[in-house]
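So, here come the structures, one by one.
Paired with chain B in one complex and with chain C in the other, chain A is shared by the two complexes that follow.
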Partner chain A sequence: MKRRDFLKACMLCGAATTLGVPRKGWGAGSFEGYPEGMGVLVDLTRCVGCRSCEAACNKEQQLPAPDMPFDDQSVFEEKRRPTEKAYTVVNRYETKQEGGPVYRKIQCNHCNEPACLTSCFVNAYTKTKEGAVIYNPKICVGCRNCMIACPFNVPGYSYSSAFNPVVKKCIFCYDTRLKNGRPPACVEICPQEVLTFGHRQDLLKIGHERIRETPDKYVDHIYGEKEVGGTGWLYLSGVPFDQVGFDTTLGNEPIISNVKEFLGTVPMVLAIWPALFTGFHLLASRKDHGEQGHDHEKKEEGKQ
Partner chain B sequence: MNRYKREGVATVDALHKGNGETKWTLKEKLLLGLTTQQYIIQALRNPFNWILAVIFAIGLPLIAGRFLFGLSWVTHSSNDYPWGLFLAFGLFGMVPLSSSSFQLGTAVEIFGRHDMEPIERLGLLNGLLGYFFAVCFLLVDLGQPWRLPYPMVVAWGPAAVLFLVAWHVATYLSVQVAEVSVAFFEWIGFPMGKRGVRKITLGLTVAGIILSTLHQGALGALFTYAPGKVHPLWYSASFQWLHFFVSSIPGGLCMVIVVSTIARKTMAWRCDERFKKNLDKLTIALAKGASMGLATYLTIKLIGVAHDNKWEHLATGWGAWYAVEMVGGVILPLILFAYAIRNNKVGLIRFCAVLTVVGVVLNRLNTAMIAFNWKMAEREIPHWREVIICITLYAIYIAVYRFILARMPIIYGWKAVEETVPAVEPATGNVPTQGPVPAAVGSYRSSVDEAISPTGYISVKE
Partner chain C sequence: MYAVRNWLIGGFVMLALITAPTASRAGNVPDSINLDSLEQLYEKVTFNHAAHIRLVLDCAECHHHTTGTLVEDANCVRCHKNSGATTVVSCKGCHSDQTFSAAALREKDKNTYHMDKLGLKGAYHQNCMGCHSKSGGPTGCQDCHALKKAGQAFYNTGAYAPPQAKGNKKHSGH
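The block that comes next holds the complex of A and B.
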């Protein structure tokens, strides 16, 4: 919680002045997203849980018919996650706040530096310049490391397919809409204007603007601005984020930063070990030039 | 088989039959020198074969079903636990137990510990089979196993840890095949191949060390992709790869102790005098290595907890489970090893080796499954079909292991005077020039190991 307070303080002081200025002093190689990258600002205070975004997504992505119709509110009894049959789901959270429950839409957050992308050993994922994280089912081997790596537990896997199981997740309607500059289906259908589509940079400004205008209404934090290196989808909430299912312990470093330490040792081991161990061998034994040292030494030893 | 041996049936342990005239045919070699009838009788007499038969009868159809009906037929197809028992047990559990290959290779070939030769090949084979079956487990788990070569040829993701694992396991498997092929070439009667491999042994061994270090570590580093999901006690951003690498060292050595014990008990007919005579002393030597590995592992595990200041987790339920793993799998064997080595209690060492092996596997299960998603309320309990497939694959592993041990010169020496190779190396001529070597090796040996009788392998060589 200390960290949160610190973050809040930082943002209060610096939000107005540092917006749009590239952050300095971060380690080399940190990627802040494409400048033209698009995103969606989700305002949890506006969502009424109508699930029309789920229906629109299902239609747009030609997903199988749901087990229960999209106007059925009983699905809120349990907490759901995106699966191969539903790229986006809405969950309901009862909070202490007056004004009823809070609804939260879950889908791929389209990270600036996606964990799924960096964990994939065949590069099946691509972060497009429009900001979408898309997936190539033709080369996926099915190791499911991306599902291990995703800090938001988003990718689903079509386990039921025997011959062509693939990862299924929200692709920002890239093929059908985003590529052509159109907002994704869920944004277009939302009757409450919960979802705002735009350039990520602009959305951050809008978000901070809303917080400044009605500070009582919002928690002073945009979830996704910095979390795991920043995400394309950004969230405003009237209740603390951890009460509505967000993981607030992820930190601001992209997932790959955890792994870099090991990746850095790899070339060192490759470079140092051969000399080191051949050296040990030379120290532990001495071969005559061109002699078959192995069998020879053994005999010698045997005679001792 | 033991019964046949008592009855005086000759076993295949050389290129030529006892009279030195006729060669064993391949069929005779495969049938262990028995007639077909004798072979079938002894196979039917062995109760273990019946157990295997039952396992295969149930398990093989399930494996076929997995490929026909998909993963959802054999697993709970959980999106939250994408890696189930196949990987947690089969890949993450078996690979550390296979580190014996590079360790014994290093001891013998790099450090010149030729007194360890009676068990070197067992270590190499243990590594090869462990890796091979880890890959088999992986193939069962992968969504599209026929695409396994993709990271090599179709699309590269070189920033991914798994990319390293794929490449290292593939290269290391080839290295191990080359290392073990010496025994195969002896058995099949192809001395050219044997000599060829012998020439590159040092290179192979060093390659083995590099590849082992990296991918034992890389398997640990895979979990650094999931910092929030693995419980903090099993997770360490900085040391995860070291924890995996270091724990694989006692894991591999103890696996060799376990396997050699089982082989000595159940396949006594196949062990030669050299193996039998040296086994106890070699077990103690391996235990010494294992206890050093365990001590280091314990230390760096504690450093891992201290480094990220995770002591408060020890007071939770997870902490108790962590303590079970550490006390039962590390601290207890460490203490007992110390006592047993000091008092030459080989039986106790073997018991500790089992403890250590279980401890290492438990650690992998914890990291990959039990303490994974620790923030979530529900734990993944594997589907019964998943469990049976694991048992079946492991049974196949045991059957293949036994098949090779019974045939190829792994735990016995090949009594061959190879035709195309000069029978005796011109050793005598080189003795003076080799002056310092025997002295160095000899003193090393006597100081570390109380003079293992060398007569065993002299007789084999001559």
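The block that comes next holds the complex of A and C.
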């Protein structure tokens, strides 16, 4: 390769990466969810801890039988998280607030910009226009990157499967209900209407209206309105969110923003570095060639 | 002229009688109400309306302002200051059992306060449980709802309890 060609190639690659790829990267991070996206507003002040949502989820998603009956309250003695056998769980929190304990339902929050989707290198995840974050278990290779990426510790893993372990999580009942315009099973069974199903935009309105109407009853915040770029599932609470197991340190930037700049350099590295180092190598080896040639001749002479 | 005025007064009186709230006509207040919308999983609940009337006395305690009492709730007053009694007083008259169906969401009036109206199940439970937890009434699920066979299967309890849990219970019984 001539020095001129090498420099030309470098220039072209550099131009391509700075003009082309990062523009797509800058676009991410400002997505506020599909306008028709659905969500659920979870009002913790209404929950009585009946665990009906857990039972409904179990039946709807045809999950294996539970270890304990769904009307058994003793499960509240420890804090649980979603697993391969239970896509949603309810935890109990004793707070200083009078009026008894606070119960909190946990499931996938169906982020506007899901970190799981970002982290998945086989593209198993999809954010549907209805607002659900679903995944294709046939594509999933079981790497568990999404479990690390999820800021809410939601995805479970089929550790029980020896040969084809995959990630398992709440899919907003997408296949059986949401895509047909029906609410998820947990929403339908909830006796106290803790769960309000609707368009995310409307739920935000309803949430703020409830706070305005009874300001003494609620903390003036909807968890999920802005957190990590906004989530489809939103929470109202009567006690500070950090007292009932919410991570209040997540910030409002989508998780992808943390890695966007770094990821933006990847195509540049891939495009420029091979050309650059091939160039270096060629330059260096041309010099070497001369010296090596002399050495070779000397050795040959020595032998003779 | 007088004749016309008398006719008018008579007309208004008639109108007032016709539109008088049904609840104020003693005969139409049911003594008991069968709540059976969850019948797939639970035995129906027979709500003793008469006993609750004797206990609470004020209809508006449960029926908002729909029974003809003064509107007191600050949020209702905003629009209903001059609203009289309505012809519909039953819970299911306003609170639908199809809260979140696609059709219900489409028809929802997004500009009024009633956008956040509870469904029938939510209205019942919040009304009953809210009062019961304050006044010491029953609040456990199965205090009111006896599980049917299908309900036991749904909640993996009773005859359908997981064997492990049954074993635990036996163990703790020793």
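Everything below uses one rule, namely that the second predicted complex is superposed on the first by the 238 of 304 C-alpha atoms of A that agree within 3 Å, B and C clash if a C-alpha of one lies under 4 Å from a C-alpha of the other, contacts with A are read in each partner's own complex, and residues count from 1 in each chain.
Note that a contact is a pair of C-beta atoms (placed from the backbone, for glycine too) under 8 Å apart; a residue touches a chain by one contact, two chains touch by 3 or more.
Please read all numbers here as calculations on a predicted model, not as lab measurements.
Of the two partner chains placed around the shared chain by superposition, neither chain B nor chain C is touched by A:134. When the shared chain is aligned, no partner comes close enough to touch A:170: not chain B, not chain C.
Number of chain A residues touched is higher for B, counting chain B against chain C. In the superposition on chain A, A:250 makes contact with chain B only, not with chain C. Residue contacts after overlaying the shared chain place A:186 against neither chain B nor chain C.
Within the superposed three-chain model, A:211 lies out of touch with both chain B and chain C [touch as defined at top].
When the two structures are aligned on the shared chain, A:115 is found in touch with chain B, with no touch to chain C. Once the two complexes are laid over each other on the shared chain, residue contacts for A:46 go to chain C alone; chain B is not touched. Touching chain C in their complex are the following residues of chain A: 46, 48, 50, 52, 55-56, 58-59, 65-72, 180-183, 187-188, 190-193, 196-199, 202, 205-206, 209-210, 213.
In the complex of the two chains, the chain A residues touching chain B come out as 81-84, 115, 118-124, 139-145, 147-149, 151, 153, 155-157, 159-166, 247, 249-251, 255-256, 258-259, 261-263, 265-266, 269-270, 273-274, 277-278, 280-281, 284-286, 288, 291-292, 294-304. For chain B in complex with chain A, the residues that touch the partner chain are 67-72, 75, 77, 79-80, 82-83, 106, 109-112, 114-115, 117, 142-145, 147-148, 150-151, 154-157, 159-166, 198, 201-202, 205-206, 209-210, 213-214, 217-218, 220-229, 237-238, 240-241, 375, 425, 427, 430-431, 433-434, 436-438, 440-442, 444-445, 454, 457-458, 461.
Remark: chain C residues 75, 99-102, 105, 108, 110, 113, 115-116, 118-119, 121-123, 125-126, 129, 139, 141-142, 154-158, 161-162, 164-165 touch chain A in the complex.
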